[in-house]
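You will see chain A twice below: alongside chain B first, and alongside chain C after that.
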Partner chain A sequence: MSNVFIAFQKNEESRCIVDAIVADNPTATVNEQPAMVKVDVPDQMVIRRSSIEEQIGRPFDLQELQINLITLSGHVDETDDAFTLSWKQ
Partner chain B sequence: MDMKVSKKLGLKDRYNLMTRDLEWTPTYQAVKDVYPDMAYEGIKIHDWSKFEDPFRLTMDAYWKYQAEKERKLYAIIDAFNQNNGHLGLTDARYINALKLFLTGVSPLEYMAHRGFAHVGRQFPGAGPRVACLMQSLDEIRHSQTQIHSLSNYNKFYNGFQNWRHQHDRVWYLSVPKSFFDDAISSGPFEYMVAIGFAFEYVLTNLLFVPFISGAAYNGDMGAMAFGFSAQSDESRHMTLGLEMIKFILEQDPDNLPIVQRWIDKWFWRGYRVLTLVAMMMDYMLPKRVMSWKEAWEVYAEENGGALFADLARYGITVPKGWEQACKDKDHLSHQAWAVFYNYGAAAPFHTWAPSEKDMEWLSAKYPDTFDKYYRPRYEHWAKEAKEGRRFYNGTLPMLCQTCQIPMFFTEPDDPTKIAYRESSYHGMKYHFCSDGCKDIFDFEPEKYVQAWLPVHQIYQGNCFTPEADPSAPDFNPLAEVLKWYRIEMGRDNLDYEGSQDQKNFNAWREAATGN
Partner chain C sequence: MHIDLRTVSITPLRQTFDHIAARIGGDKAASRYIEATMDVQANANLHYRPTWDPEHEIFDATRTKITMRDWYAFKDPRQYYYGTYTQSRARMQETAEADFEFVESRGLADSYDEGARRTALDVYLPLRHVAWGANMNGAAMCAYGYGTAITQPCLYQGMDQLGIAQYLTRLGMALGQQGDLEAAKHAWLEAPVWQELRRYVEDSFVVKDWFELFVAQNVALDGLLYPLIYGEVEKVLTVKAGPVVAMLTRFQNEWFADSGKWVDACMRIAAAENAENKAQLAQWAAHWCSRALTALTPVAQLALGDKAGAALDRVASQLDARLAKAGVLTINA
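Up next, the complex of A and B:
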């Protein structure tokens, strides 16, 4: 089993995004580093638009993730409703 | 940021209409004439429409989000500069890492811009072509934002002023320069594997994530802003690299051995370039986030391990030099910094011996190697310096023909023995730092015999200004080479201790805290 991960610049928007990820991915590990936050999940991570909207209190386009994104790992699949990272073994 | 979310089309439809649907088949010219570089590397592609960008990013959305990134970036840079942010740094020693960054890395961003513009033009598929166009624009943005951000330091500190001139000339800068020249002079598919996959996916996290987090930790909002802003584009770049590899491998089984050889080669080429990053992280940050070794474990062993386990279904194996690179993690930064300490007169930034406190940290992070192999060396140099004999090596090192790094790397299983490898080609002997570099040369000797090796060039008399007179009785070769590099002796180089940068920083910081 391998981890996929995603990292964001630490700010008020990404705080809501990370909360949404943790809510939707119970096996997530959050690692806070200077100015950034990295979230690891075994095998697959799903980031849902609806969960972020709930946390952030406004409509959210998943492509906005690009703004605060630092890096990621795993195969990407992005639709209007979910952004998914996975390893396929 | 306030964004209106009213969509007429779904992401998938929009991507199809605005990317792949814009493709057409030429009729006035044969396809092979429009895309002339597609055949000679031996890669077989049967159906370009199978490539899809998993971000499904279209040009209109690209401009919108890139513009937002730029606004955020320049707001931070303005605020940092307006508030004399440079005086809030942990210590001015840190600024030397930025000099290395500007001379060694920013010019590569510009070359990446050119490279992706070039290969994007060569690909017959609209998907990769658009993704390459975006990456090409990203890369020129990176080089520009780095230059803008670091130009503020140039107003106050030495060593930034001739970065572009020096990139083409200074001995250790031939390492990153020749790396990128090697990539850009290969074919379009090899370039994608070299830069898109091996460098972006496997290695850039090591440069931009822990080092830039370290910039933030040391109070440098400017570098933090450009670094993270650049890395947010890298997520797309990494994904393009990975998708291209999968696409090439899925198109034809004959592609596998070619791709594997490129992965072996470019992992090793990129890893050697990162030697500079290893020493920046362990020795040049006054306050450190993580060691090179820890970063290697997270971003190479763990993440790269996951990647290669995933690619195993295509028959891809971990790159040839992987095992050695993992062994080297305990030694790399110490050996590299020792060499720069030695050659501190010939580089346009300051070097220093690690303090006792620095060495405590290094011992704790490298319990198996630092005290045993490296501490005695640094203590000896510190003692010599204290007694007025700061050591500056006056001779020139032998360079590896492939990576162009001085031959200081040790044998993978014996850190007390320098590794030497050699090959003969057309009656000439060529020297290498490792099996990895020798293998690369042996496969394409005609390419690497042309290497512009700085030490050879100095000895051949090609690195002096036109005014230099080597026949003069008082001719000083080092001083003449520094003139040609445009390094001002005693101001831009030598030890940090006693430098103008050190004096100015301390005086300005003092002045900033009261009247």
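Up next, the complex of A and C:
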């Protein structure tokens, strides 16, 4: 069993994205570094637009997460409503 | 000589301020909105009582009949503090400016249908004065209100309305000229069609309870005026003559959707606090919605003719639905 992970620059917008990931993925672990925040999840991570919008208090386009993205691992599946990383095929 | 490169992780001793930690339950990272809002207003060691109102302290929760255990329960779902508010409005302004430029550069105002132009100038321009009144009221709610969580967005609401007044002026200058602005002011002061609405606005200036003013301005008046003008009337104009007026009033449309989230949240939170609040809000809503409908009826007739009645019914139902969803019952005619 491998982790997928995603890493963001640490700022006000990525805070809301990380909070949304933690809310939707119960097995997530958050690793805080000086200017980076990294979230690891075993097997699969789902990032939902609606969850981010709840945290951030405004409409959010999922592609906005690319602005603060540092790196990620896993196979990517993107729709308008969910950004999924997984090692399953 | 051997040089050793290492990374050292320096973690802050504390994540946030003590008073924020007390509220969010421990020393966790807090958002800028929370840090800029919670407990910002002084609540102790206030200056001497105002000479113009010695019955109250400078910041006094008893200036309203609404009671709250914690006035900072009124968190803005949009999470606006000064930084995010100005960013949001700057973005909206860029869109509005682009739309004005689009209309002006293509001469769309000059070639606009004469009948629709007359409606736009006669109906939209006097609303500058209503918007100015809303700016006054937003400032009053901020001045006499209690707790930064709700007074902050009240001021933003007032500033937005000042911007809206300016956009209506620019609409007038795009579709008409200086004389039309003066004619609109004359109509506001003299023409029978506007006097009920003008009385509503002027009466709102002397409402002493700032939460009642919130209901009168943000819930009742704006809740009916915006769907009527920027919904019903705009649709008719677009069908008749194309989307020129819709483009020149883009800001108002986006703003109403945005500010509605905040207004609904405040009503919901106040009504859920206790039964007395709920009853008081229902009574204010019933009173001011009824007055607002009366005030807007001649305006709707000016804009829509015999279709006014149906349009007013639709916007009144919309507002009823919002109030029901917020848990405030209202008895609308």
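Everything that follows uses one rule, which is that the second predicted complex is superposed on the first by the 88 of 89 C-alpha atoms of A that agree within 3 Å, B and C clash if a C-alpha of one lies under 4 Å from a C-alpha of the other, contacts with A are read in each partner's own complex, and residues count from 1 in each chain.
One rule holds for everything that comes next: contacts are C-beta pairs under 8 Å (C-beta built on N, C-alpha and C of every residue); 3 or more make two chains touch, one makes a residue touch a chain.
Remember, it's a predicted structure, so these values are computed and weren't measured experimentally.
J.: Contact-wise, after the overlay, does A:75 reach chain B, chain C, both or neither (first, second, both, neither)?
T.: Once the two structures are laid over each other on A, A:75 reaches chain B alone.
J.: Mind working out whether A:35 is in touch with chain B, chain C, both or neither, as first, second, both or neither?
T.: Touch status of A:35: first partner only.
J.: Just checking: does A:61 make contact with chain B only, chain C only, both, or neither of them? Give me first, second, both or neither.
T.: first
J.: Please work out whether A:15 is in contact with chain B alone, chain C alone, both, or neither, and reply first, second, both or neither.
T.: second
J.: Output check: A:5 vs chain B and chain C. Expected answer is one of first, second, both, neither. What do you get?
T.: first
J.: Under the stated touch criterion, which partner chain does A:27 make contact with: chain B (first), chain C (second), both, or neither?
T.: In the superposed model, A:27 contacts neither chain B nor chain C.
J.: Residues of chain A touched: more by chain B or chain C?
T.: B
J.: Can you list the residues of chain A that touch chain B in one structure and chain C in the other?
T.: 33-34
J.: Hey, which residues of chain B end up touching chain A in the complex?
T.: The touching residues are 1, 3, 5, 7, 10-12, 54-57, 61, 65, 68-69, 72, 205, 208-210, 212-214, 216-217, 224, 228, 231-232, 234-236, 238-239, 242, 289, 302-303, 305-307, 309-310, 312-313.
J.: For the complex, which residues does chain C have touching chain A?
T.: 9-10, 29, 31-32, 76-79, 88
J.: Mind listing the chain A positions that touch chain B in their complex?
T.: Residues of chain A touching chain B: 2-5, 7, 9, 13, 33-36, 59-61, 63-64, 66-80, 87-89.
J.: Which residues of chain A touch chain C in their complex?
T.: 12, 15-16, 33-34, 56-58
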